Amino acid sequence: MPERRPGRHFFANPGPTNIPDSVLRAMDRASLDFMESDFLDIYDQARAGLKRILFTEGEVFFYASTGHGAWEATMVNLFSPGEKVLIIGGGYFSGAWAALSRGFGIDAELLEVDWREGVEIAALADRLAADKAHHIKAVCAVHNETSTSVALPLPTIRAALDAAGHPALFLVDTISSLGCFEFKMDDWGIDAVVGGSQKGLMLPTGLAFTAAGPKAMAAHGKSTSKRFYFDWTAMLERRFRSFTGSVPIVPFFGMVESIRLIEQEGLQNVWARHARLAGATRAAVRGWGGNRGVELYCRNPQRYSDSVTTVLVPEKFDAEEIRTILRQKFNVSTGGGLAALDGKVFRIGHMGDLNEPMILGTLASVEMALTRAGLPHGKGVDAAMEVLHGA
Amino acid sequence: MPERRPGRHFFANPGPTNIPDSVLRAMDRASLDFMESDFLDIYDQARAGLKRILFTEGEVFFYASTGHGAWEATMVNLFSPGEKVLIIGGGYFSGAWAALSRGFGIDAELLEVDWREGVEIAALADRLAADKAHHIKAVCAVHNETSTSVALPLPTIRAALDAAGHPALFLVDTISSLGCFEFKMDDWGIDAVVGGSQKGLMLPTGLAFTAAGPKAMAAHGKSTSKRFYFDWTAMLERRFRSFTGSVPIVPFFGMVESIRLIEQEGLQNVWARHARLAGATRAAVRGWGGNRGVELYCRNPQRYSDSVTTVLVPEKFDAEEIRTILRQKFNVSTGGGLAALDGKVFRIGHMGDLNEPMILGTLASVEMALTRAGLPHGKGVDAAMEVLHGA
Amino acid sequence: MPERRPGRHFFANPGPTNIPDSVLRAMDRASLDFMESDFLDIYDQARAGLKRILFTEGEVFFYASTGHGAWEATMVNLFSPGEKVLIIGGGYFSGAWAALSRGFGIDAELLEVDWREGVEIAALADRLAADKAHHIKAVCAVHNETSTSVALPLPTIRAALDAAGHPALFLVDTISSLGCFEFKMDDWGIDAVVGGSQKGLMLPTGLAFTAAGPKAMAAHGKSTSKRFYFDWTAMLERRFRSFTGSVPIVPFFGMVESIRLIEQEGLQNVWARHARLAGATRAAVRGWGGNRGVELYCRNPQRYSDSVTTVLVPEKFDAEEIRTILRQKFNVSTGGGLAALDGKVFRIGHMGDLNEPMILGTLASVEMALTRAGLPHGKGVDAAMEVLHGA
Amino acid sequence: MPERRPGRHFFANPGPTNIPDSVLRAMDRASLDFMESDFLDIYDQARAGLKRILFTEGEVFFYASTGHGAWEATMVNLFSPGEKVLIIGGGYFSGAWAALSRGFGIDAELLEVDWREGVEIAALADRLAADKAHHIKAVCAVHNETSTSVALPLPTIRAALDAAGHPALFLVDTISSLGCFEFKMDDWGIDAVVGGSQKGLMLPTGLAFTAAGPKAMAAHGKSTSKRFYFDWTAMLERRFRSFTGSVPIVPFFGMVESIRLIEQEGLQNVWARHARLAGATRAAVRGWGGNRGVELYCRNPQRYSDSVTTVLVPEKFDAEEIRTILRQKFNVSTGGGLAALDGKVFRIGHMGDLNEPMILGTLASVEMALTRAGLPHGKGVDAAMEVLHGA
């Protein structure tokens, strides 16, 4: 039996994230035939609600899978072996997206960038201009790079495509941005979107989806990649316009409730709350930092993420030690550094169902962990309260 | 539909208190015959566990009732109309105990004391010495006066009884102390104990109990008070040695789990945790205070409560305004002032399933509420972190 | 660890009863201040809903207690020691009602009747006529005697009171009838009603209530009985018009959901469903019976209960053996015989959230248990299906 | 708002199936980092438990997917485009398995058989003997064809492979048999097994897996099929030896509890219970049938399925009408006919957490539905009780 860590677990991972109790309860339910009308009503409500959150009139294909499955689904349904796509680099997840594409024979070019800044739009524009023959079939962007907490300006990328007169599809991974900060698929000229259940949608891991607009559906018609489980053509023949085989019912009961909560609060208010709590988190990091202290990994204030903050730890300290103290002494879970950033950063997730005392309890625990780790720091919680008291 | 207040509700009431998720889940279960062996096993486990928490070998009578019911049960089972009891004053709850006793014709004398200090032991000793004829059948003490956050030194009171050679029963209300700080019924010579489910036992309101030792059981044999629902004699004839009529099963499934959690952590560790979090709360109040700021209502440092802190607000401020800000802006619930203290104090509960980020999130919210209310204050959260970082 | 009995437990007790999953989920929730507006809304909805189910405009006093507590509350709030009440006999529960009343000094006269028939209205009329001085302050009836499954015709009893020109209050225990078959407090001239959560209201045991009309409230004003926990006068001074001390929040979240379910189905439809399933149960008992077999305990077809069926077992058989087989072999729980009926009858509860396959699964299990017990029987399930197929 | 159908939904689908309440509660829990030791313990327990249920020492690869995903995973990890596999036909699912294999360029040959009998072992032996060059890389069998309720004798098939001296891998789909009737992967010489969460494992849809023995792992080493989400090589590099990307935690908390329940009952007892309830179901079908009535779709008594019974309806009746009556009048859900069997059969699932009153309630409802549909029938429930009373 593990040692008991009393009190509520503070889950400040950058996804999965806190699931509201009412969403958990909605999913705690007996089995139902997925062809039963009671479920079909729920399914239709969930699908329509998700389209409102995405601001799209396009198709939505759901998968019983994680986000990686949705990536695979999107690439094998849209492209054929040998076709070229341009993936905007900037962190762990864009790299993984490129690797998976290559695994299916797609010629994925990774546009390398400074991870702490995110892509230079001029460099992207140059690359597009250079592709005079339009070999690039798609430009792929991770809206919020969860590993670095750099968020990309999607309308600016769209504008770069338009300025170049480039016909490539515009694909976006919104896994850690949707439901956290502004995203408008159709208005922003995005052709396909990859998303998952376990972040801003406040659901457990295990449901993922692609939203696809008309240009994407046209591309699908030409794709020759082999696929079965994730095949959109087969899905379109079903009542659900989604899934092959069995349909999981549980996540849709949860989604109806999570979207109800989001819309009760108001999506704009949800975004504003994320911005406010993220601002407090960044104020805390600046308050802790100084000449030799922790600092924000993201150096570009225009691109600060409102769903996660990656904190860079000074060289002689180990970020994992801080995470261990947080977990063992204060029952607080944060994210670690991925791949090259392992041990160098820790990540504070502030997405989903979060409020002031939750983030302040987390930040106070981080501040105490810095103290315990002997890492010199200033007053971070005070700075965060200054942002949040709203007097 | 009420406005949505996102994130977890921070429940810092001095009872009911936070219920661990695993306790909630244990109670979320289908009906069962209360004479079914599956339930009898659970019941026996719960009863035995509660006796370990109480440190008693005595009887335990459970009631489907709140703490007020347990008070009534205890008085009508132990005393007869016209008998005299001495109730040690000090706050709202000791006053209510006296009032209820009088309602049943018991001659309850309330020993008046300074609420901010609690009873002077010398005064109690004088009163006992004066009762040469031993008219006083019981001395009744509220271990932790939830309204004032003054905790009484029960062994010292026992010693006063012994010194006086007084045969009165010693009755204690542990409603807001049991499971929070040290209490040992048999070792401390306590004859009867009143308790409830909804505080240190981390259960919902609705189950209450009396534990009764041999002297109390002897007194019960002589009581002529009328009773039915709460009658111990009827209860002793049942398999349960508790209850009249139906037996509620749900709270016992919860109690087995809550006691499992307490014992997994270790009761001594539970007490130490309460002391640590209470100390941080008091440090925060002192940090906020100063010449004209908030202050601890309890003036006797030997009697600080480890389960609740009553905070006195300067005269020209309204404690209720602070509570309203906490609730509406920060989703934090605190306790208000009871009766004469209404508007003058607010109360921060720190009992039950609590940890560092929970209390710091609460204290940070209080600090922001003071700012919003325009109440001058110093740095309280910093002081609390100083107590808690444990470096 | 007990042996696992697989599959769903079939709970055919005559209360507590099956709790719908959505009601369980509504109660599986974190703590909330009972003075918080979110709870007050729920409370008001529950109270208003219960009044619709009771068909009353009167007061409703809730207690954290079982039904026995509600009985006590009702008697001590309405009557004074020495006052006379007439309790219509007929089973275990009417006897207990009389006993409790006497415990508080009330002069309770139990009108003895044939338990298998229920009260003769003529005998009641005679008794009322004989009370020329109107010493009888109340006539008390158990609407559905859960021990015998005899249901009384309340409007007929009201008519007898009216015919006698007798001013006594008319008190009714609806614990096992409310939400099961027709009951209309105000229309039927009933002055006070005792009820509980755990039967037709499909909630766990632990919440009980009295509804009181104007004549009852007037009587309350004159009652000198001692009381505290159950005192209506104290309750009326509170926002809740109910409770002394803490207010349990959990059952009200459940009640709002259970009343929503009842009203979604339609109360008339709920009654019709109970009648249909009860009819099938009685058909099964008749199908099993014969010259020497089981038989319906209730001999008066006008008074068959639609919430429970008490089955009389032939003399040389032990009803408890059948119950044990049901429990151990088929995971089915039924009610046993109470007091004098112990071992002579078993009781099949068919109240609350029940449907055709549930009752048929239960009845089929009973039929198999009769076979295993060697008790000769005919075809009961076939007879029940004949009632229920509805072709 | 849909019409309320009161009482418990009787879910007699052949998967997903009834989830025990304690499994639902175990999954109703807050988020946790999947790298957190608390989760790793749970994961390891679940994986070890599943291997006990499978009777294997091999690898287990879990996927966030449905069973279709596990099929795909198995085929693309074991085979390369152009390789030949022999899929034993017999129903909807074997056909789908072949189709998916072909989609990935695998040369899947479907051995056509009489669906009501299942494969003739002699025909299989002939086919294997004819493959002198050992082009066939695998023989694929659906242990329990959920569409027809024909179960195959896996040891006999193994013996046929051995007799032919054929080196092909032996692959088995146990989706609707595992945890229902006997299956022993290693003892029976099975090289790879496809399974899912939502049938005998009593979990929701959404977790699937492949178990792979040494011969399968060797084949994996040579497979050149493109894959990413389902790639075993990537999985083997992780702590989990499973999954790419995020790890869903919820199903593993459920699985630990479901396996605990299975092992508390005893796996042999679980199989015996399935056999008993299946036998009762078949007795009911025979009881209903006759010259012109319903009949068992499976004609081979050696191959009756203990997890599902497919019931053939006489030609002039529509099986869907019976299912609609069951759903709308009796709140009972059954499975429909798949593809060619649509309207011709309905399917009664009797797998997972089931007992006597559940199946009898279901069968009684079916009998009443036959009556309502005007389909002549005999006494089925009586026949089922005869099997189950066990006197």
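Note that the chains take the letters A, B, C and D in the order they are written out, and that residue 1 is the start of every chain.
We take it that a residue touches a chain if its C-beta (ideal position, glycine included) is under 8 Å from a C-beta of that chain, and two chains touch if they have at least 3 such contacts.
No experiment lies behind these values; they were computed from the predicted model shown.
Engineer: For the two copies chain C and chain B, is the contact made of the same residues on each side, with over half of the numbers shared, or of different residues?
Structural biologist: Over half of the interface numbering overlaps between copies: same.
Engineer: Report which of A-D and A-C is connected by more C-beta pairs in contact.
Structural biologist: If we tally the C-beta pairs in contact for A-D and A-C, the bigger total goes to A-D.
Engineer: What's the distance between the Cα centroids of chain A and chain C, rounded to whole Å?
Structural biologist: A distance of 54 Å separates the two centres.
Engineer: Express in whole angstrom the distance between the two chain centres, defined as the mean CA positions of chain A and chain D.
Structural biologist: Result: the chain centres lie 35 Å from each other.
Engineer: Provide the list of chain C residues touching at least two other chains, using ranges where the numbers run on.
Structural biologist: 8, 18, 25, 28-30
Engineer: Can you list the residues on chain D that touch chain A in the complex?
Structural biologist: 2, 8-9, 11, 13, 15-19, 24-25, 27-38, 41, 63-69, 71-72, 100, 103-105, 196, 198, 204-207, 226-229, 231, 243-251, 327, 333, 335-336
Engineer: Which bits of chain A are touching chain B when the two form their complex?
Structural biologist: Residue list for chain A touching chain B: 1, 3-8, 10, 18, 28, 261, 264-265, 270, 273, 329-332, 353-362, 364-365, 367-368, 371-372, 374, 379, 381-382, 384-385, 388-391.
Engineer: Taking the complex as given, what residues does chain D use to touch chain B?
Structural biologist: Contact set of chain D toward chain B: 21, 25-26, 28-30.
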